[in-house]
Amino acid sequence: MLIVMDAHATPEHVERVCAEIRDLGYAPHPMPGPTRTAIGVTGNEGAIVQTSRISALPGVLEVIRITKPYKLVSRDFKEADTVVSVGNVEIGGPGVVVIAGPCTVESREQLFSTARDVIAHGATVVRGGAYKPRTSPYSFHGLGEEALHYLAEVREQLGTPVITEVMDKATLPLVEQHADILQIGARNMQNYPLLKAVGRSHRPVLLKRGFAATVKDLLLAAEYVVAEGNKQVVLCERGIRTFDDHSRFTLDLGAIPVLKSMTHLPVIVDPSHASGYADRIIPMARAAIAAGADGLIVEVHPNPAFAVCDGEQSLVPERFAQMMQQVERVAAAIDRPLVGRTPLVTGV
Amino acid sequence: MLIVMDAHATPEHVERVCAEIRDLGYAPHPMPGPTRTAIGVTGNEGAIVQTSRISALPGVLEVIRITKPYKLVSRDFKEADTVVSVGNVEIGGPGVVVIAGPCTVESREQLFSTARDVIAHGATVVRGGAYKPRTSPYSFHGLGEEALHYLAEVREQLGTPVITEVMDKATLPLVEQHADILQIGARNMQNYPLLKAVGRSHRPVLLKRGFAATVKDLLLAAEYVVAEGNKQVVLCERGIRTFDDHSRFTLDLGAIPVLKSMTHLPVIVDPSHASGYADRIIPMARAAIAAGADGLIVEVHPNPAFAVCDGEQSLVPERFAQMMQQVERVAAAIDRPLVGRTPLVTGV
Amino acid sequence: MLIVMDAHATPEHVERVCAEIRDLGYAPHPMPGPTRTAIGVTGNEGAIVQTSRISALPGVLEVIRITKPYKLVSRDFKEADTVVSVGNVEIGGPGVVVIAGPCTVESREQLFSTARDVIAHGATVVRGGAYKPRTSPYSFHGLGEEALHYLAEVREQLGTPVITEVMDKATLPLVEQHADILQIGARNMQNYPLLKAVGRSHRPVLLKRGFAATVKDLLLAAEYVVAEGNKQVVLCERGIRTFDDHSRFTLDLGAIPVLKSMTHLPVIVDPSHASGYADRIIPMARAAIAAGADGLIVEVHPNPAFAVCDGEQSLVPERFAQMMQQVERVAAAIDRPLVGRTPLVTGV
Amino acid sequence: MLIVMDAHATPEHVERVCAEIRDLGYAPHPMPGPTRTAIGVTGNEGAIVQTSRISALPGVLEVIRITKPYKLVSRDFKEADTVVSVGNVEIGGPGVVVIAGPCTVESREQLFSTARDVIAHGATVVRGGAYKPRTSPYSFHGLGEEALHYLAEVREQLGTPVITEVMDKATLPLVEQHADILQIGARNMQNYPLLKAVGRSHRPVLLKRGFAATVKDLLLAAEYVVAEGNKQVVLCERGIRTFDDHSRFTLDLGAIPVLKSMTHLPVIVDPSHASGYADRIIPMARAAIAAGADGLIVEVHPNPAFAVCDGEQSLVPERFAQMMQQVERVAAAIDRPLVGRTPLVTGV
């Protein structure tokens, strides 16, 4: 922590701040400068400092925190990459993982048809919404438990892990029973009771970045989960809100290298929600992998025009197949195979 | 709804879109122009149109929705202002209401001391956090049920309604039992299970705008509550995230007249969280009232330097008293009294 | 300046950074902590430090600048408020100044009619665009020199100073000759050759905040002008770009108290461009004054429906008169008179 | 254009709007719906409609423009990709172009050393700042004309076209004389006199997106240049301002496929300014190409720690070489060669 005194602070002001710092159990290091004095603070960085006790003192201009507020999820704490294992799929390892399926499970048939298609084209985890958070109370909110049963059937019959969103503590036990990965949606990224609850689950968690969450907020949300004991957390960039509306959200791919340097957790990208339109998803899926993402989560629907939800941003299976071919080539160009595919032989 | 065809769309493309519109139970109105054709759509606007069925058709450039997605909260639906009554306090009536108290209930003594002060200076509802959503898992998360009891005591002994945040469905019955108004925090504005739960409560709801929520998102969140039967909803502007970090959040006072024209619900402003520093709260409190807000919710602490939470943005009681004097004068300048105060006599 | 070393930095890394700091002519103050070392830097803060020489050294995690990059415009440099005088009008003094007139000068008649109206209702400076920066090359770009002559006539015949925008160095001499205040538009806030040019003018400058400019950027732009010798600068908040589109821009009134504490320069607000619609301008004009602004600049048009530019955001003279009455009362509520009006007598 | 009437509009209101539309020379198409009436407008879309004449009429809720405000730069106007030729380099053709060099020309030696390095590693255009727009008036502003002479020497001796920024009309003739491409910086994207001036130049223009400019704003700025006759315009995404500060700017790669569908102009990406740190530039350079960009503009410095400007975001030549190898492989993965390099043979 660093305390910057204002230009008119007296030596008495400086001494009083130093006394307060000592009183809080820290060591002050005053550094007089030509126009103002700064005071460095060292000590037990794990403790919570009540900065308000210091910022309220006379002569204090600014209190600057240096210590990162998250610990367990940081690279400082654990240098090696975390690899999240689900079934025989590893997220965060050398390979790139593609999760795909319908936005919403509409029927057993629709889910199985889509799941078979995406698996055939190389997806290794199947997604499908059972409980859907919708901006309008009048929209379709998912089949609920019925959808969970269909997802469980997909895992049993097709041998692929499944992921679905959990919206509250009340339905968590049911979701936990049927799904292999628990998804926390963007709107729930700071729903702390829910984060704590999935932090006590034995299932891996996919944590989506809130659309107004900074990278630091995302890491703090992950810290909530990990602090409860669940270390199997995958982060997901899915677009943030900005002033431009050319797309539904602005996909922040610059966050990928930043997150990879700050945390040991795997990072994947959802290009569907940000792009909003199918014809922009493929370029953004390629870009996400080129930026260093560990995987993708993509919406696929056999007949998007009739999707009950987010049809405009769903790929038809044929387009998904094209996406997979292109993503595989881009991944190969940075020496990463697609998980579950025999790697391409490139002549480079 | 309006469908814009692209410049190269053929008459067959236009006819196919019209056929699809008729198939969906609506009436198409094609309007050929010199460079492109647009197609107006009329019919039962209450229904959910699967726009993806249309946007996927060949020749379609854009589908523009016109109907507002919220209904019950709109001025179109109900022209007269909603007045939310709690005890003998009316929010949304001619008077301006000030809600004040500590960010977090730290002890019985701290709450009572602050409550007595703010009531003495004109606050008519007392706030105090029992359950605190905190960005870091390592911060203090509130006294919980103990704080609820203290709040109930405040109401009984000091005769003032109390408001506190409810964070999840599990603790809702307890909060409902002790608090007069249920606060939904910014981070939970799109926590739909929670919105539905408070929508079935008999207690009024204070709904804070999420820091990346548009005005439309806020109205849709309120629609969730009202659609469940609870019409006693107060909206609260508390700052949004923008590129500038001169303050913790950018208080969007321009949203006040916009909301007042779009909805019949009362709108209040929280100047504490956005401003971040006590010396900016008073000007923003004045500005909020001048912009037409129906009230304020403000953090006050007897000794901010020792507050366990958000001390920097809390007013000491003396500063709160100054704020009240100034707010009262500004309110009088637009012919609104402070609720619970004998109105000033101004010579204008 | 503060240098934070990473957790794995060795004593040799720390020593090398200290040596580099000494080599740059500064004094290093290493502060070893339990998990990492920080190094404070003191010395001649006026110099430009090449932080890249330090941030590139091994073991360095972060370089944090503390010194503010602007000087002449800061309160640290000059504590007393700057009062900008133009004719007999003072901007930044105890009174609140209202500048009003048409967005664009369309004809001699339109300008004079509007000027007479706004002066009658209390405006003390007349605005009118001669050169208009327009987003589209196909929009009307102003009458140019002809408009300047009409503005000069207004000053001579009606006795009121006039303000108009200057768009480039080429037309500056002409604008300088006819206008009393030179306006720099939001899109030119970082047009440095233009800032330098008006910095050498003898005319006061009204500097509008760019719609993506931070408060710090605005102060640095003002520093450009003042550094050239022109100390007569008025800052103007006019709305920033955010994710919400409920209005054309988000008026950042929270910047007013922030600016007033950081700089001695006067700060006014343009509620017209941000609000976009006439019925939102009055509440925002009131709120701007309540937040502590030193004045307003407002668009008025005798017949907005026929305005060649920005008609939707112009007030008709009758609405402007209402605005003035309300603004005067709000100003009186914070003990500020309207410049050029006999102050109200309030009974408080 | 579409006019939406409010729910309480009478048939007389509708008729009056229709009369006004006819008066403006357009054809109204009223479409009565169950809750409100909409009125389509068709006619000569090239004309400027004074929407304020309509929005001011009683009963009008909203006026929605449909026609795009830019024309010459749109794909509707010209379907085929524009290829900008400079020397023997083509930007916007099948190949990917890399422009590289120092942020600022510091000396003849520094420029030549960097230019030789980047050419050796595959850059085909050399960049170097002669006139530098700097946020602070106290920063180094470039060598000016001296730098232009060095750049011209580079072209003559090394046979590579050069690009440099032009900051105002006054220095345009000089820049035009020495540089092969005129760069318009982000802060000048809406400096209309400058856009018009380069629109009359015979040199190609690289137009950088302003950091708060929407994609539509960028296209309108390009329209200014093209409307003056200069069709050789290259667009450049370089990051926008958002609420997160993990990087200097948020690189908006989602804008690439959007721009490529909206305009025929080439689009390149500057990963240096957005990333801010050298170790994030390579992943973002790869991602930009994977997203479909036609090229890159990158800052390289032989000794970034001693750069007078933006050293932190400059690559050393060795890292640039790595970037080129990786970018070449990613480009090959989407079947695009690097311009000026013998294409890789990939075994796919």
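As written, the chain order gives the labels A, B, C and D, with residue 1 at the start of each chain.
Throughout what follows, a residue touches a chain if its C-beta (ideal position, glycine included) is under 8 Å from a C-beta of that chain, and two chains touch if they have at least 3 such contacts.
Computed from a predicted structure; not experimentally measured.
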Taking each chain's C-alpha mean as its centre, the one farthest from chain A: C
Cα-centroid distance, chain C relative to chain D, in whole angstrom: 27
Chain B and chain C, separation of their C-alpha mean positions in angstrom: 30
Centre-to-centre distance between chain D and chain B (centres being mean Cα positions), rounded to whole Å: 39
Residue numbers of chain B (touch at least two other chains): 212, 240-243, 245
Touch-based graph of the chains, sorted into line, ring, star, complete or other: complete
Touching residues on chain A, where the partner in the complex is chain B: 48, 50-53, 55-57, 69-70, 133-141, 167-170, 187-188, 190-194, 196, 210-212, 217, 220, 223-224, 227, 240-241, 304-308, 310-312
Chain B residues within the chain C interface of the complex: 212, 214-216, 239-240, 242-247, 250-258, 261, 274-275, 279-280, 283-284, 286-292, 326, 329-330, 332-334, 344-348
Touching residues (chain side chain A, partner chain C) in the complex: 2, 4, 6-7, 29, 31-35, 38, 40, 42-45, 62, 64, 66-67, 76, 212, 241-243, 245
